[in-house]
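Some structures are shown below for you to check.
Two complexes follow with subunit A in common, the first pairing it with subunit B and the second with subunit C.
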Partner chain A sequence: MDALTQLAGGFSEVLTVYNILLIFLAGMIGTVVGALPGLGPSAGIALMLPLTFGMPHASGLCLLTGVYMGTMYGGRITSILINTPGDAPAIITAMEGYPMMLRGQGGLALGLSAFSSFIGGFFGLAVLIFFAPVVSSYAIYLGAPEYFLLMLLGLSTIVLLAGDNMVKALLMACVGVLVSTFGSDYISGHIRFAFTPELIEGIDFVAIIIGLYGLGEVFYNLEKRVRIDLGKPSFNIREYIPPAYAIKESGGATVRGSILGTVIGILPGAGATVATFLEYALERRISRKPEEFGKGAIAGLAGPEASNNASVPGSLIPLITLGIPGSGGTAIMLGALIMFGMQPGPLLMIKSGDVVWAMIAGLVLANIFLLFSNVLLIPVFVNLLRSVQGHLASVVIALCVVGAFSLAYSTFNIWVALVFGVLGYLMKKADYPTGPFILAVVLAPLAENYFRQSIMLGQGDWAIFIDRPISLGIIIAMVVLGGLGMATKRFMKRREPAARA
Partner chain B sequence: MKLSEIVLLAGLAVFSGVLLISSLDMPYGSEQSFGPGYIPLNIALVILGLIGILAVKAFMAGRKPGADGSAVIEDLSSALPVAAVIVLLAGAIYAMSWGSILAPLGLLMIILSWRFNGHGFVKSCLVSAAILAVIYTIFSLWLKIPLQ
Partner chain C sequence: MKHMLKSMGMAAAVLAAAQAAPASAQEFPERGIEFVAGYGPGGGHDTMLRSMAKIMQEEGIIETPINVINKPGGSSAVAMGYLNSRAGDGHYLMSVTSSHITTPLTSNIGLDFSDFTPIARLGIDPELLVVNAAGPYKSIDDLLKADKVLNVGGTATGSIEHIVAIQFQKQTGKKVNFVPFQGDGDVVAALLSNQLDFIVTNPGTARDFIEAGKFNALAISTEERIDALPDVPTFKEQDIDITLSLYRGVTAPADISDEAKAYLIEKMTELNESAAWKSGYLDPNSVVEGFITGDEFEAYLEETQGVYRETLTELGIIK
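Right, the complex of A and B next:
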């Protein structure tokens, strides 16, 4: 009840014409920025930060969180329409949404992902409102060994992304690990493989995905002379609203994705990425039609989308309650809180509770506005694509080049995108899976750091992973889940011939 | 094995070989923990091993009766347009390092639409100019990204 009273107080501050307009605009701007390759939540929040100078604190924070939420909605647009994800959690969206688009169901994919994102976002917000202090009090018990094991759990989904050939998947995962080792080593300060000065900071992950998915797809389509026929521009809204069967098929996945996204989204570093990949693995594991995954499965799109958006409020929990930013976006939010004269950390809710609750109320409003604005924007985006479908190769190359350039305002990242574009093209031609590669690029640096920190904590003793109750619990859970998975697989294999007979 | 797979595996072998040699100069580890060379060295070795397994598998499959080697030639001819676009894009990126991003990009877009997508020259110019105008408005005017 206390949380509801404080939330009502937050709403009383936010529900002014000025703030409502501000939140609506923030969501729209976030959607457009999130839809541009190369620009994600960090860029969106950083762009809006100067506008908040002189604003009331609550309004400024509503603007920033609205943009943050909007970029998460926007990220799925280019993933689905041109197979160019803007960040790691959107990779699964591209893997399932783009095949739907190729089947002429781009509008449906966008509509479905908007609904799932809304449910996921709402679930995450409910947890933020009612359980933030409780969740964060448990989160502080997680140390390097637990984080390493959680990253390992995320990496284990490579098995499910492997396709038919496990050796190829393992090879690509190892290449991903090797690519992730470029740049400064955070434990020792040693600089690895800096063949050019730009590589001191490592290879920009976004340039990699722009190349691998965006340019790689263009090269592949050029060779195969693929002509995408999306039909003529149309504003028939029925085309964009998910039908009853799609909502039914996505319902369970959306709920599971929301829970997983909120819980794992709290983890600093790669919460949303781990959550979306784990959710995808879970959906594929429990699906009655696992063969549809990778070819435009509705559950494979809806679940990870819900996870992605549920992780936004999830990532705000450690920021608000402990002052720990879990991502680039929340790090800039932390800067904004300090700029407004607030003290992020355990005392934030006590000293500046009114502003924080106003921000949470703003997030609730932003989530509702974003659902409606996104559903209304779907025809605009789909028809924009339809009007340039004959020139899609040059449009995608232009967006990829400009997106890669905008990462560091230099041509270096365009070269990186080109190299990974060629790699993506060769991988697609030779039937090598991209999922294990990209997952390893994202999670391997974190896993490596946590692993080495753990061994240092244990003074060289590996027993640290089983001495700590939470890490032991994670290991047991991994073994039980693995065992259950294998047992289920065997059971299903035995049942198949019987069912055929 | 297709030509694309041979090129991919050869490229990956060179890549991991170079990093393997470079990682030999890095500290491997101490009594307390692992050094910065631990992961790259071991992973590079695993990659070379996995490439070896795939190569042996392909070799054994190729020796089976009825194995067809024509895929390599077919692969090469269909990949020529892609190779041309890659070279054009590399040229455009090199030209971008001289100052302007949009001018080489515009030229590349026109060539792509005109020569590779089969549109007329005038239509290619007009559509490319319109797309560039939208990109310039969003990225340069609104987001203040110095595209020039």
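Right, the complex of A and C next:
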């Protein structure tokens, strides 16, 4: 109950008119920033940072975390409406949400994803409030070998994202691996394929997804002369509140997504991305209607969206208990804590506990505000899109170009986005799946680096993967799950002819 | 009417003179100064420049507006290119740290520190040799006596942490196995969970863990002990000749006027002497004072480049 008393203390600090207004505004700003392709949590927090200098520390932190949470809500808007995810965890949202949009269910997709985002965020916050110290003391025992196996698990979902043609999927995964090798390699210290100085840090991942999804879709639609008919603007709010059947269908997925997102979101690096892909694979595996996936499945949208938001409080756990940032957004938060004169590290909760609890209380509040503001904002976004639907291609191109430019304030990334836009168009035309490609781009370098780190830690000995109990546990789980999967497949095949006969 | 026009004309003349006066007394700066960060918002470069801009204006060190801009990309290569294209113009100041040396050595950008005008080194980030307090090592001797190859963690191959680890091996003859990590946080987590025998890291990263009794620092890479960690002996005290530190400084474009250079050095000196800079930037970031300017800073950069070049060549990272 200690946590509750401290949380109550946090709330007593946050519940002033000034702070409530601030958190509300932060959520709105975050939603808009997250909705713009190219601007994600890192950019949102960095943009707000100078504003917080004159504020009391608790208010400043509430503003930043509110923006962080808001970008997670906002990211789904462009994914669903114009097929342009703003960051890696929103890719699944585009894969399932955009087809719903094309079917005229954009409002439902937005409402449902806002709802599951809320549940996911809430679940993650509960874990943050009650178990943060316990969780982080265990999380540090996961090292490079465990991370490598986890990335492998993430990469294995390529099989599920493959669609009809496994060869095409594996081919695309290989191209993804190739693209991910550009830039400096911190393990060897060498720089690979840096034809111009801009490539020293590799190809910007966000420029890739802006091109692949946003521009690629536009090019394809231009050729096919697709006209998206979204109907006339309507402000009937009932269109946007998810009906009972949808909530029922997505309930299980949302809960599973929340748990998975919190657990995996705590891990640094690609925690949130791996969580969304694993959750997607899980939902597809246990679904009674797996053929709907990729064509706008409600469970496939809700589950990963819950994981996505559950990972935000998850990633804050190592930051506030140990001062270790697990993502781009939390790395900037770390900088902000230092600028506020606090010392992120194991003593943060002891030295500045009141401020941290006020920040957590602010997050709880932000999550509630965000649910309501996002549901109420859906008509605005949908109708905004409806009013420009005749010129949608030019609007999307403008957003993509501005988004790509804003990544490094240079035109270089616009060219990168264009190259991947053409690639995305060709892939769509020739029916190559984008999922395996993008997953390989995100996870292959991490898998590679964790693998090399493991072997280095073991001083050349592979035994490190089975000497460590957690690592051994993951390997056994993978083998058992894989074996079971194959066995049931065989069993089903044998039963099918029998049933027919 | 005529009278009014005349007085208006006079007023305009007075105004013009008033505006011209400071310009003729001091040609530089003619306009606002731009601070260039080679990394994105929120990074170490960005926070240093923004703290600097804030303190310089609040303390009235610089009256002209200061604009902080980010030119991220290519481990500061993009910013170096940007500054290089503004040669001769002293209204630009770029933050520099070890990447100002390593990026030119490991890539083909064709520029190095000598293509700019070094203004000042504002401070140094020493390197600490840190062990887990719950582990078996209480002193450097314990490390040397260990009956195995020691696993050492730090950020990136070729980083200053790596160079310190290699120097440690050279000086003591104790074989170490350097494992690179992507950031300070990962290194700290790996030491906490006993995956590593020791790490090389900055006081800013380790200070809180040392205070909490989780880590022990066994040596520091400065010439003398530092005020923030008075109990940590230097490597030199323990007969290991390592005095390598990360530096933080600022540089201006090439071929700027002597006047502009003198102005920038003077302003940096004023900044260094202000209490707000110490309490607002140096102390919270655990940066140790080590202020040098102009030619002295340039000589320091040349020496540092020599050490990096030698070690990186030995490691096979550069040819």
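Definition applied: the second predicted complex is superposed on the first by the 490 of 501 C-alpha atoms of A that agree within 3 Å, B and C clash if a C-alpha of one lies under 4 Å from a C-alpha of the other, contacts with A are read in each partner's own complex, and residues count from 1 in each chain.
By our rule, contacts are C-beta pairs under 8 Å (C-beta built on N, C-alpha and C of every residue); 3 or more make two chains touch, one makes a residue touch a chain.
Computed from a predicted structure; not experimentally measured.
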item: Simultaneous placement of subunit C and subunit B on subunit A, clash or fit; value: fit
item: Partner chain(s) touched by A:Val175 [first = subunit B, second = subunit C, both, neither]; value: first
item: Partner chain in contact with A:Leu4 - subunit B first, subunit C second, else both or neither; value: neither
item: Which superposed partner A:Ser394 touches (first subunit B, second subunit C, both, neither); value: first
item: Contacts of A:Ala487 with subunit B and subunit C, given as first, second, both or neither; value: neither
item: First (subunit B), second (subunit C), both or neither touched by A:Leu376; value: neither
item: Partner chain in contact with A:Val479 - subunit B first, subunit C second, else both or neither; value: neither
item: Partner chain(s) touched by A:Met166 [first = subunit B, second = subunit C, both, neither]; value: neither
item: First, second, both or neither for A:Arg192, with subunit B first and subunit C second; value: first
item: Partner chain in contact with A:Ile286 - subunit B first, subunit C second, else both or neither; value: neither
item: Per-pair minimum CA distance [subunit C against subunit B, superposed on A] in Å; value: 9
item: Those residues of subunit A which subunit B touches in one complex and subunit C touches in the other; value: 47, 187-188, 190, 409, 456, 459
item: Subunit B contact footprint on subunit A (complex, rising order); value: 32-33, 36, 39, 47, 167-168, 170-171, 174-175, 177-178, 181, 185, 187-188, 190, 192-193, 215, 218-220, 222-224, 388, 390-391, 393-395, 397-399, 401-402, 405-406, 409, 411, 414-415, 418, 421-423, 425-427, 429-430, 432, 444, 448, 451-452, 455-456, 459-460
item: Residue ranges of subunit A touching subunit C (in the complex, touch as defined); value: 42-43, 45-47, 49-50, 53, 140-141, 143-144, 184, 186-191, 194, 197-201, 268-269, 318, 322-326, 331-332, 335-336, 338-339, 341, 343-348, 408-410, 412, 449, 453, 456-457, 459
item: Contacting residues of subunit C [partner subunit A, same complex]; value: 40-44, 46-47, 50-51, 54, 69-75, 77-78, 81, 103, 106-109, 149, 151, 155-158, 162, 177, 179-183, 185-186, 188-190, 192-193, 195-196, 207-209, 211-212, 214, 284-285, 312, 315, 317
item: Subunit A contact footprint on subunit B (complex, rising order); value: 2, 4-5, 7-8, 11-12, 15-16, 19, 22-23, 26-27, 31-36, 39-40, 43-44, 46-47, 50-51, 53-54, 57, 75, 78-79, 81-82, 85-86, 89-90, 92-93, 96-97, 101, 105, 108-110, 112-113, 116-117, 119, 124, 127-128, 131-132, 135, 138-139, 143, 145-147
